[in-house]
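One chain, chain A, links the two complexes that follow: it is found with chain B in the first and with chain C in the second.
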Partner chain A sequence: MITGDRKPLEEIAAMVEGFERVLILGCGTCVTVCMAGGEREAEETALALRLRGRERGVSREIWYANVERQCDEEFLQEAVDHVARADVVVSLACGCGVQHMVTVFPDLIVYPGLNTTFMGVTEELGVWAERCLGCGDCVLERTGGVCPITRCSKSLLNGPCGGSADGACEVDKTIPCGWQLIIDRLEAIGQLQRLDEVLPPKDWSKSHSGGPRFRIREDVRGTDDVEEGAQ
Partner chain B sequence: MHDKEGIMIIFGCKHTATPILEEASGREARVHLPDFEYRELPCLGSLDPLMVLRALDEGARSVVAVGCFQGRCRHLTGSQRAKAALGHVGDVLEEVGLDRSMIGLVLGSPIDQRAMIEQLAKFATNDGGDVE
Partner chain C sequence: MRSGSNLEKVLEAGHFAVTCELGPPKGADGEEVRELARLLKGNVDAANVTDNQTAVVRMSSIGAARLMLDEGLEPVMQMVTRDRNRIAIQSDILGAAAMGIKNVLCLTGDHQSLGNNPQAKSVWDIDSLQQLAMLKAMRDEGVDAVGEELKRSPEIFLGAAANPFGDPTSFRVTRLAKKITAGADFIQTQVIYDVARYEEWMEEARDRGLLDKVHVMGGIVPLKSAGAAKYMQKMVAGIYVPDEVVKRMKAAEKGKKEGRKIALELIEQLRTVKGNHGVHIMAIMWEKLIPKLTEEAGLLPRPKV
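Showing the complex of A and B:
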């Protein structure tokens, strides 16, 4: 899932200063799971901003709504009535949702209510941890399913470094050494010989370095061109 | 929606707070406490931060949760859960520049009505406060 942290309420309040009708729009997928930007957090944000406004004698309409996914237009259409009423929308989705909002509603002012942080997993109740950087060149088959890019603080492909001690990372001793995790895992599945392979320098051109990336399925994309009646 | 303007809203555990604040002895509580509205919960563990924020949004002057002493909860962790929920609400209130003493937690025993009402009165006269 994509995780995030709600921006400080004062920062959100400053963004919407001067607007009369403020919609807080939650997103029902990733940021709901990590309890940062779902329906509950949208309501909480709206309530907090209303209380803040009342304390300061500011009268404005602040309400909340939620859609299943802000990164899909079909779900965003469910928010049309709310959006039509709003002078400004604070989106509690990740950065993808915010950007898709402004694409789908080009005349709308949309501000981010969340700082998008990482792609990760639920490690335990209330704890989420980073697992994937979206590097575009996955090596998990060679590293026992443990990602050296995110789990090693230095993103080493041929670790561990000299700072690994007692299974902990030298950058932060509370973090397990990513390469120790890889070794332990390879040992557990009988693939320690994988460590004999030297991983070549990573092809970062498949990552973000060349601008925004696209994923295209031509078979799905091309259906508009199919002539009527064609088999 | 400010129809609860100026009153204290009490969220209470059915087992501990209801006998003191709602049933026969509830009349006595009303003598000693300022205007309040009682909202019963099956256990204080079901107190949701949104309930507290909604109550404040309705105009409540303060919100207090009343439940069992820690370790005496029928559902084991109700009071701790309520404390965590109120802690979160307090953080939100502070974030927007409001006093977290608008909310409080009063823990007691259903057989010691006087102590419970005294604590609630103290919370009310201090205009809130972290009473436990």
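Showing the complex of A and C:
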């Protein structure tokens, strides 16, 4: 999932300063799961903003709504009535959602209510951890299913560096050394010999370094009825 | 000869080599580098010049290395992959070689979060092993990273760092082997206070046939105080300082004197370690010690090769 952290209330309040009708729009997918920008957080944010305004004697309309996925036009259209009423929308989706809203509703002012953080997993209730940087050239089969690009602070392909100590990264003792994890895992599955090889430099052109990426499937491109056909 | 550097000649002739470190100033005063170079000249075979060590901004290693050359002190230019992508690394190596720099130490570099610009974007386009392999190909095959021909190859003696005490312990010799495969001609180790454990690591390397292919130089850090010893023991990742060393420093009346004594003992012990071809003395901010220490250790005069 994509994770995020809601921006501080003061920052959101400063963004919507001067607008009369403020919609807080949650997103029902990733950011709901990581408890950052779903319906519940949208409700909480609207409530907190209203209270803040009341304390300062500011009267404005602040309400919330939620859609299944803000990165999908089909779902965004479900919020069209809310959007039509709003002077400004604070989107609690990830950065993809915010940008897609601006594309789908070109006249609308949309501000981000979250700082989008990473692609990751739920490690335990209340703890999320980064797992993938979307480099476009997966090497997990070589590294025992532990990503060196993401889990090594230096994205080293031939680690660990000299800063690995007692299983921890030099950046912070609370970060496990990604290469210690890789070595432990390869040892456990009997594939330690994989590390004898010096891995060549990565082709970063497949990552964002090659420019913003697109993914095109010509066989389904422009055929709106694909989804309906499947149903 | 791969580079014809003084360090390479000394090592290839079978002498016990001596290198030290020179930390460039935090400023644009070249005279500071020149002064240090004059102080160190003649006491070592070459001096490493650090590349924004601990991720704190300083004069570039390439600039300081050129100033050292002017003063007749051979530099080992340190180059970390933290701040440069492969384009900049290749370009800087060509520039360095053109200016007469003949030794390069390839390093990953400390993470910028440990330095004075934690907001910086990290690069790490390639790691230190890939850097070694790339520079080796530039030198030996005369081609750049994409196989395009260079009009003239950079003649450089390639170094790498190794930590006999680093984690995961079981992987350390394999990592040394990989650095040699990638292209290391010489190795400067992390600081050694436990020579017995260093010998075990060397023995494993020897058993795997690695020591015939590379010159290993043991690292020495002279201690200034018990506090410094304690700090290194507790705070610096990958450094092993035995309790006895800390105790000795605590018991000593004069910290610097005891630190010097310990350094001398360690140098003496390293001279007897089979396969160990020299010492690398890291006394940053205490460079003045080098002439005295090398003299007392009987390492002077340095061989003319």
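One rule holds for everything that comes next: the second predicted complex is superposed on the first by the 221 of 231 C-alpha atoms of A that agree within 3 Å, B and C clash if a C-alpha of one lies under 4 Å from a C-alpha of the other, contacts with A are read in each partner's own complex, and residues count from 1 in each chain.
We take it that contacts are C-beta pairs under 8 Å (C-beta built on N, C-alpha and C of every residue); 3 or more make two chains touch, one makes a residue touch a chain.
Model, not experiment: these values are computed from the prediction.
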### Task
Would you check which partner chain A:150 touches, where first means chain B only, second means chain C only, and both and neither mean what they say?
neither
### Task
State whether chain B or chain C is in contact with more residues of chain A in the superposed arrangement.
C
### Summary
The residues of chain B that touch chain A in their complex are 49-50, 53-54, 56-57, 92-93, 95-98
### Message
Show me the residue ranges of chain C that touch chain A in the complex, using the header's touch definition.
### Response
82, 86, 108, 110-111, 113-114, 122, 124-130, 133-134, 145, 161, 163, 166-168, 170-171, 174-175, 177-178, 181-182, 190, 237-238
### Message
With touch defined as at the start, can you tell me which chain A residues reach chain C in the complex?
### Response
153-168, 170-172, 177, 180, 183-184, 195-196, 198-202, 204
### Task
Spell out the part of chain A that touches chain B in their complex, as residue ranges.
8-10, 13, 40, 43-44, 47-52, 55
